[in-house]
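Per-chain residue numbering starts at 1, and chain names A, B and C are given in the order in which the chains are listed.
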Amino acid sequence: MTALSIRDIAEVVKGRLEGPETLEIIGAAGLEEATGQEISFFHNMKYVDSLKTTKAGAVLIPEKTNGTELSKDKTWVRVANPQWAFAQVLSILYPNRQNPPIPGVHGKAIVDPTAKIETGARIGALAVIEAGAVIGADSVIYPSVYIGARSRVGAGSIIYPHVVLREDTEVGARAIIHAGTVIGADGYGFVTQQGRHHKIPQVGKVVIEDDVEIGANVTIDRATTGETRIGAGTKIDNLVHIAHNVHIGRDCLIVAQVGVSGSTTVGNRVTLAGQVGVIGHLTIGDGAIIAAQSGIMNDVAPGEVLFGSPARPHREAMKLQAVFGKLPDMYDTLRQLKKKILP
Amino acid sequence: MTALSIRDIAEVVKGRLEGPETLEIIGAAGLEEATGQEISFFHNMKYVDSLKTTKAGAVLIPEKTNGTELSKDKTWVRVANPQWAFAQVLSILYPNRQNPPIPGVHGKAIVDPTAKIETGARIGALAVIEAGAVIGADSVIYPSVYIGARSRVGAGSIIYPHVVLREDTEVGARAIIHAGTVIGADGYGFVTQQGRHHKIPQVGKVVIEDDVEIGANVTIDRATTGETRIGAGTKIDNLVHIAHNVHIGRDCLIVAQVGVSGSTTVGNRVTLAGQVGVIGHLTIGDGAIIAAQSGIMNDVAPGEVLFGSPARPHREAMKLQAVFGKLPDMYDTLRQLKKKILP
Amino acid sequence: MTALSIRDIAEVVKGRLEGPETLEIIGAAGLEEATGQEISFFHNMKYVDSLKTTKAGAVLIPEKTNGTELSKDKTWVRVANPQWAFAQVLSILYPNRQNPPIPGVHGKAIVDPTAKIETGARIGALAVIEAGAVIGADSVIYPSVYIGARSRVGAGSIIYPHVVLREDTEVGARAIIHAGTVIGADGYGFVTQQGRHHKIPQVGKVVIEDDVEIGANVTIDRATTGETRIGAGTKIDNLVHIAHNVHIGRDCLIVAQVGVSGSTTVGNRVTLAGQVGVIGHLTIGDGAIIAAQSGIMNDVAPGEVLFGSPARPHREAMKLQAVFGKLPDMYDTLRQLKKKILP
C-alpha cells in the first residue's frame, strides 16, 4: 500500500475532480467499508443509498451523475467507467504483495535438463518441470507447481502453487492459473462391454489461449484425440469442470462450479453463471447467457438468455415460475369447476 | 485403538449402565456394523430397527429410552446426548492415528528466515512457508502445504497436506483445514470494456476465525478490497466455493458443493445444505436453513426454511411439488371442461 | 505417435477391411477432425452426417453398416464395436507419452524407512510416503503425491501428481487416481450442543477396490467408523464428492460434480449423471440411472431411471416438464372458465 494524492489519481484515471482537491489517499474500499482516507467507486443505482452514506474520502462516479446528490465535503472523481477506474487505482495503490519467486530457478526446484526456462521466468521452490517443457519469458511458476512433459507456458503467465499441468498442455501468454487447478487430466471416456467399463486412452491435449484466467481447483480435461481448447480472454471461476474435447470461445465468463460435458462447443462472449450444467455434444451460440443452476440439454442459439433445469428462455422461465406459485390455487379452482360441471 | 472397560466409558460420558457391567470394549461402530466387543449409539427413532437387531456389545442410548425395548444380554449406557457421548468415546478409543510431523521444522521444509514458527508447532517435509508468515504454537502444518507471505495460522490449528494459503491469509486458533483446499485465491472480479474482461486487482484478504473446520478441495477467495470472513465455529464441507467479500457468520453448517457468490452476507447458525447456490450481494438471516440444491436469488429472513430453485418457503415448495405431480391430470380435466364450456 | 498399416490395425481389432488396403495410418481423430492419414470411428446414427463428410482415411464402423452409404475412396473397417476398436487403436498408435518417473525411488522423494516399496514401483520426486505405507509392484506414484501412514496402493495402480491419500487408505490394483484428488479426509460429522458444532472424530477409512478410476480434484471422505468403499470397476469423474460411510458398488459411472451424502449405499452398475445430488442414508438399487442435476431424496429401486429435483421417474418428469410449459395457457383458460361458471 502506498499513498497517492487525489490529483495524481484523477490524472491516472482521466477523471474530473469535484470538491476538496488536497486529499491524500492511502487505500481503497467498497462504499460501505471505506474510511476518510480511502477511495471508493459507484457504478450502479442499486447502491445509491450506500453512496449517500459512505464515509469514503473520495468516490469515483459516472460522468453524468446528478450533482445535487453529492455532498460538498467529499471529493468526487467523474470518470467514464468507475469500475474500470477503480481497477486502475487498485493496481497503483497496492503494488504487488504476492512475493513471487525471484527470477531464475530456485535451488530446490526440480527442472529436467531438457526443459527450457526463458529469460526472466521465475521458478519457485519444489516446482517440478518435466522433460521438454518450456516456461516462457517473465512467467511466474510458484512453488510446488507440476509442469508435465513437453507442456508450454507462454510469456508473462502466472501459475499459482500446486497447479498441475499434465503432459503436452499448452498455456498462452499472460494467462493466470490459480492454485490447485488440474489441466490435462484424462477425459472421462470409457467403452462398456458386458457391463464393464474399459478406458479409452486419452491421447489429445489441452490448449489455453492468451489472457485466459482460471480459478482455483478447476479441472480441464485433455481431449480423447485432438484438443480441449479455452479461447483467448475467457475467465473461468473456481471449481469449474471442463470435459474432454470441449471448445470454449473467446471472452467467455464461466462462473464457479459450472460443468461442461464432453465435446460441447461454446461460442464467444458466452456467460455460464454459477453451477450451470451443460450436457455433451451441444453447441452454445455466441453471446448466450445461461442463468445460475440452469441445465442445458439442447443447442442454444446465439444471444439466447436461458434459465431453469431443463432451461427455457429466461422470460418464459420467470413467467412459469410465477404461475407455478399459483398451482395450489389452480388445483382448488379446477376441483370446484369439475364438481360443478363434469358428471 | 485401545481397549476400555464399559465402566470406564460410562464414567467418561457420565452415563448410567444397564445390563452386564464387565464388558471390555475394543472398538466403536454404527448399529449395523458393530460386533460384540464394540460400542455403538442410538439417537434417532428412524434407526430403531437397527437398535433391535444390532450385534453391538454396548449401546449409548438417550436417558429416557423405553426399557422394554432393550434386550437383557447387552449393556446399555443411558446418556443425555448419545451422539455427543459417542464422539467422546471415539476420541478415547482411537488415539491419534494421523502421524503428524514431529514438533519443529522438518529438514526438507522450506521456511523463509523471516517467518516465525512458534513453540510446539510442527512443520512437515516440503512445506513452504513464505516471508513474514507466522505459524502458531502447537499447530500442525502437514507436508507439502504452502503458506503465503505474511499469512498467519493460529495456535493449535491443523493444516493438512497440499493446502494453499495465499499471502496475507489469517487463520484463527484450533482451525482445521483439509487437504487440497485453497484459501485466498483472487476473487472473480473483472470489468468489461468493449467485450473484453479486464482483471480488477484483488487486494483484500481472507480471515478464518477460531474453531472453523474446512473440508477438502474447498476454495475461499480473497476480497477485492477488505476481507472475506468465515465466522468462528463454522464448519464447511468439501468442494465448497466461497467468493470474494463474502461474510459467513458463526456456527454455520455449509455442506458439500455449496457455492456462495460475491459480497453475500450469511448470518449465524445458518445451514446451507449440499449443492445450494446463493447469488451475490444478498443477506441470509441468522438461523436460516436452505435445503439441498436450492437456488437463492433474494435476501432470506432470519429463521426461514427454503427449498427449490428458485427457492420458496419449504412448506410451500413441498406443496407445489405435490401439486406439480398432478399437472397432467389437471391438464386433461381442463381440456374436458374447456370443450364443454368454452366456445 | 507411431505409424501403422491399416492391415495391421484391422488385425488388431479383428476387423474386416473394405476399400483401399495399402493405407498407412499416422494418427486417430474424431470424424470431423480426422485427415487422410488418420483413422476415425462411427458408432451412433446421430453422427451419420459426419460419417458422410469425414476426411478420415479410414473409419471403424459397425459390422452391419449399410454399404451403399460408404464412399469407395476410403478404407472401412467393419468391427463388432467401433468404440472399443478405437480404444485399442489409440493404445497402439500412441505409446505412453506420460513420462512417468523411472522405476525405483527418486532421490528427492521422501520415503519413511518403514514404508514398503514393491518391485517395479516408481516413486516420483517430492512424493511423500509416510510410515508403514505399502506401494504395490509396478505402480506409479507421480511427483508431489502424499501417501499417508499405513496406506496401501495396489499393484499396477497410477497415482497422478498432488493426490493426497490420508492415513489408512486402501487402494486396489490397477486403480487410476487423477491429480489433486483427496482420499480419506475427515467426514463431515459434528454433534451440535447449544448451537455449537463439536467434531465427531472420524476414525474409519476409505477402501478403493481394483480397477477403479477417479478423476481430478475429487474428494472421498473417510468413514466415521468402519469404511467408505468404492466398488471394483467403478469410474468417477472430476470434482465428485463422496461423503463418509458411503458404499458405492461395482462398475458404476459417477459423472462430474456429483455429490453423495453420508452413509448412502449405491448398488452395482448405477449411473449418476453430472451434478446429481443424493442425500444421506439412502439406498440406490442396482442399475439405476439418475439424469443430470437430479436431486435424490428417497431410496431408488433397482433399474429405476429418474430425473428432476426432487427426482421422479424419467418418463413422468419429462411429461411434467412438457405440461409445465403450458402452465400460463392453463392459467388463462382456468380464469375464463371460472369467470363463466363460478359465482
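Of note:
Note that in this section a residue touches a chain if its C-beta (ideal position, glycine included) is under 8 Å from a C-beta of that chain, and two chains touch if they have at least 3 such contacts.
Here the structure is a predicted model, which means the values were calculated and not measured.
Rotation angle, subunit B onto subunit C, C-alpha superposition: 120 degrees, expressed as a multiple of 5.
Annotation: the subunit A:subunit C pair of sequence copies touches via predominantly different residues, less than half of the used numbers being shared.
A separation of 26 Å divides the Cα centre of subunit A from that of subunit C. In subunit B, the residues that touch at least two other chains are 126, 144, 162, 180, 217, 239, 257, 275, 309, 324, 327, 330, 334, 337, 341. Across the complex, subunit C meets subunit A through its residues 27-30, 33, 46, 81, 83-84, 86-87, 90-91, 93-94, 97-99, 108, 124-126, 142-144, 160-162, 176, 178-180, 213, 215-217, 233, 235, 237-239, 251, 253, 255-257, 269, 274-275, 292-293, 309, 321, 324-325, 327-328, 330-331, 334, 337-338, 341-342. Across the interface of their complex, subunit C is touched by residues 110, 126, 128, 130-131, 144, 146, 148-150, 162, 164, 166-168, 180-182, 185-186, 188, 190-191, 193, 195-201, 203, 217-219, 221, 224-226, 239, 241, 243, 245, 257, 259, 261, 263, 275, 277, 279, 281, 295, 297, 309-310, 312, 316, 319-320, 323-324, 326-327, 330, 333-334, 336-337, 340-341 of subunit A.
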